[in-house]
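You will see two complexes here that share chain A, one where it goes with chain B and one where it goes with chain C.
Right, the complex of A and B next:
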């Protein structure tokens, strides 16, 4: 059902929702950018519509809200352990279609990956309701259309802001909350249908690509900082840390913390073995995971990457993810011609 | 031959050169940032009155050489838009902009490019230059001030009477930290080794930290973010024949208000203790006579010292003397 609001009636809805939900959205934080006197756009808690940043893409994705960067799994003493408390409140996230699709990719990994599901993920994830923000235009690094992640069909609400008017398409679960302050209108979500950047993703990638020279330049260029991983809405890797408290080493906690396949140490194993020592190999691993391996493993009809473009936005070495996809595509086309088998 | 009052000419921003009756004009560019519209004026003067060249000075001004002294008043009229745009409009009181620069003792405030461009910068050096220019110009005391955005010190603030170095207080959110150690290794390699890993998270030793902000720049997850802006002031650096030496830290983790107030107070101190038998005297030599404690009494008057701020108790300058037999 569609409803129309002005800013203050929409804020009434938000105020009432905040009794039961913690509400997150892209926000602009003054002077918190990496560089002096610059701002940071990222996900943060909001109270009113005016808090929401509608114009700029957020630096980080929303995943840290339900997949925390550092998450304590349990606390332990010598003979007992206990689980950390989580807030009883439910969660609303205002996010763009690519981020909404990114959440589905994470669901696949944490919830539908073999017989067991990740309970820690599930506990937070099941609280989350998505209010999808309509993209008025696509940003210069977006390629969501190529990845089929420009559209969302399941959401709790779909939000369009046009000046001082807010139009919402609302699912039945939230109907009551919205109908109280809104006026009924017809509202059909509009999605981005074309990006400036289009990528061609090769369907079949021969194994020989493993040793292709296209990766070599990334050994020179990439500095293994991991920014491309931490901003990605679909990167799901974590590592474990057992902490023994400094004051009393018989107590402590086990945490899981995000990990990055681009950073040194990711593949370190007991006994001192490690893989993918050079960065070109890491680039190959990341790229193929995003646009080949995930889809192949799960037999799904979409790739892991949702084309948000953040990894290109944040790379300090100006490495463009989409340029790398194009190079891969060219390499695959030409290796096909040379008759390399997969 | 023209009858020239050398002292007046120098005060007016012109130079006594090695050719009689020929002078050079120095254009101030506070903070080293100039609207290119003024290039036309500089170019016209160089072509019409000078020898067609400009010298770019080490203090980031322009020096236009080869000008006949007879043309000074004519040229002063021509440069008046520069005095208005670069001085009056930022709040400097210029009595009559058509008679040229009112003083030349306090030199142009130079600055690195700062946070308008440089990713390392911790503040806007151009804006602070203007505030300082407003505070101290015009003045006859020979004072050299330079502002640099971070401890890389591209402007060589350490060679000035007063050097201002940008700092930032790094704020750490341990929940965001993924323990990648990028900040730790980098601080060790390029800064001061102020960071260590304890239980997979980072500890910062505030006494070692110089507030350069490198950790903020290196952190992929923004576990480090920018806190308040602070400054370090280095004082009494100088070049020159007698005893050149590099400036040393007088205050650190102080705010902009403290920087401005100390600079203002410095002029009272100089006024009190300068050796007036000399045409000019660097502050450092004055402090050599009065001692640091007297210097502190004067320059810290009415300065608010914040809780993080540190003021040097002692400053040991070595510089170098002229006992050449020690070295050769």
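Right, the complex of A and C next:
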């Protein structure tokens, strides 16, 4: 059902929702950008519509709201474990279609990979309601259309801001909250139908491509900083970490912290064995995970990557993810497989 | 809700040093396991690591743990009566039931003997059936030999060939040389009915497989067990992934026909 608001009536809705929900949206933080003299656009808690950054793409995804960078799994004392308490409040996230789709990719890993469900993820995730922000235009590095992640069909609300007017398509669960302050209108969500960047993803990846020289470039350029993993809405890896408290070394907690497949140590094992020592191999691993392995493993309709372009945006070495996809595609398509090293 | 990350406390009922750095810990637990599976073993405050089950009975499991780092240092100081925390078992294990009418050759290097040990003891106890069993096992030096007493018992029940890479003691009378030497000589009477399991350091497994292929064993009849960094054991942390395969879920045991295509 569609509703129309002005800024103040929409803020009334937000105010009422905030009694039961913690509300997150892209926000702009002055001068805190990844690069110097730039602003940071990231997900933060909001109270009013004016807090929401509608114009720019957020540099980080919303995943840390329900998959925190550091998450306590349990506390231990000498003889007992106890679980962390979580807020009884539910969560609303204002996010763009790519991030909404990214959450489904994470669901696949945390909830459906293997027989055991990740209860920590599930507990936060089931609180989350998505208010999808309409994209008015595609940003420089977006390629969501190629990834089929430009559209979402399930959301709690779909939001379009046009000047001082806010139009919403609202699901039944939130109907009451919106109808109270809004006026009924017809509203059909509009999605981005074309990006400047298009990629062609090879369906079949021959194993020989693993040894192709195209990856060598990345061994030279990539500095293994892992920023591309941090900003990615679909990167889900983590490492376990036990810590103890200084004042009582018998008490502590087990945590998980985000891990990055591009950073040294991701595969290190006791005894000194490690894999993918070259950064080119790591680039291959990350790229194929995003545009091949996931889809193949889960037999899903879509790849893991949602085409948000953030990994290209954030790379200090200007490594373009989409350029790499195109190089891979060319290498796979070229029938003579020129460039194979062995 | 079910919390797969929460470990349970298991009492150590026996500690048996095998070598200076490898100790076998027997834990009291009724958890049912299969040969080749592993647990995530931890000490709160210190850390957690994947460790294979080296043997098991109705109300105990054993793990043979090498002292190599932060967690294993602390585990090695534990005495009977103290506790470890475990969650699992994880992974698929060896397809032993499918081998009942087959000749089985097991070729292992160093600590690779641990994950297959329960197959050997069950064979002796006649709780699993095989047409025949041969163990080829290699260690770096005589001082590194694991399960010495058991090996003597096994020799009475099936063929055991043991080799060391080098001998510093000068009084070693057994084989010297790499395990591939044993593989090249092992007697194979019925090629199509022979199954092979090989476990050990990556380089050892690689050359052992090559040698078995030279001996005309089909890829489909060779089984290998992978070791990778594993933080969760349940398909979430991503560390063990190779291509579209999660070693903790789909492995650690793989048929070589599949394993040959896993490229890190």
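Criterion: the second predicted complex is superposed on the first by the 330 of 342 C-alpha atoms of A that agree within 3 Å, B and C clash if a C-alpha of one lies under 4 Å from a C-alpha of the other, contacts with A are read in each partner's own complex, and residues count from 1 in each chain.
Assume a residue touches a chain if its C-beta (ideal position, glycine included) is under 8 Å from a C-beta of that chain, and two chains touch if they have at least 3 such contacts.
Please read all numbers here as calculations on a predicted model, not as lab measurements.
In the superposed model, A:107 makes contact with neither chain B nor chain C.
In the superposed pair of complexes, A:39 makes contact with neither chain B nor chain C. After overlaying the two complexes on the shared chain, residue contacts for A:227 are found with chain B alone; chain C is out of touch. In the superposition on chain A, A:259 makes contact with both chain B and chain C. In the superposition on chain A, contact is made by A:120 with chain C only, not with chain B. Note on chain A: of its two partners chain C and chain B, the one contacting more of its residues is C. Looking at the shared chain after the overlay, A:51 reaches neither chain B nor chain C.
Shared-chain residue A:217: touches no atom of chain B or chain C. Common to the chain B and chain C interfaces on chain A are residues 241, 243-244, 259. Residue ranges of chain A in contact with chain C, taken from their complex: 73-74, 76, 81, 83, 109-110, 113-114, 116-123, 207, 210, 236-244, 249-250, 252, 254, 256, 259, 261, 266-271, 273, 275-276, 281, 285, 288-289, 292-294, 296-297. Of all residues in chain C, those touching chain A in their complex are 1-6, 42, 44-49, 66, 68-69, 72, 201-202, 227-229, 231-232, 234-239, 241, 243-246, 248-249, 261, 263-264.
The touching residues of chain B, counted against chain A in their complex, run 115, 119, 121-124, 149, 166, 168, 174-180, 182, 198-200, 213, 216-218, 220-222, 225-226, 229.
Chain A contributes residues 31-37, 40, 42, 59-60, 68-70, 225-227, 229-230, 241, 243-244, 246, 255, 257-260, 263 to its touches with chain B in the complex.
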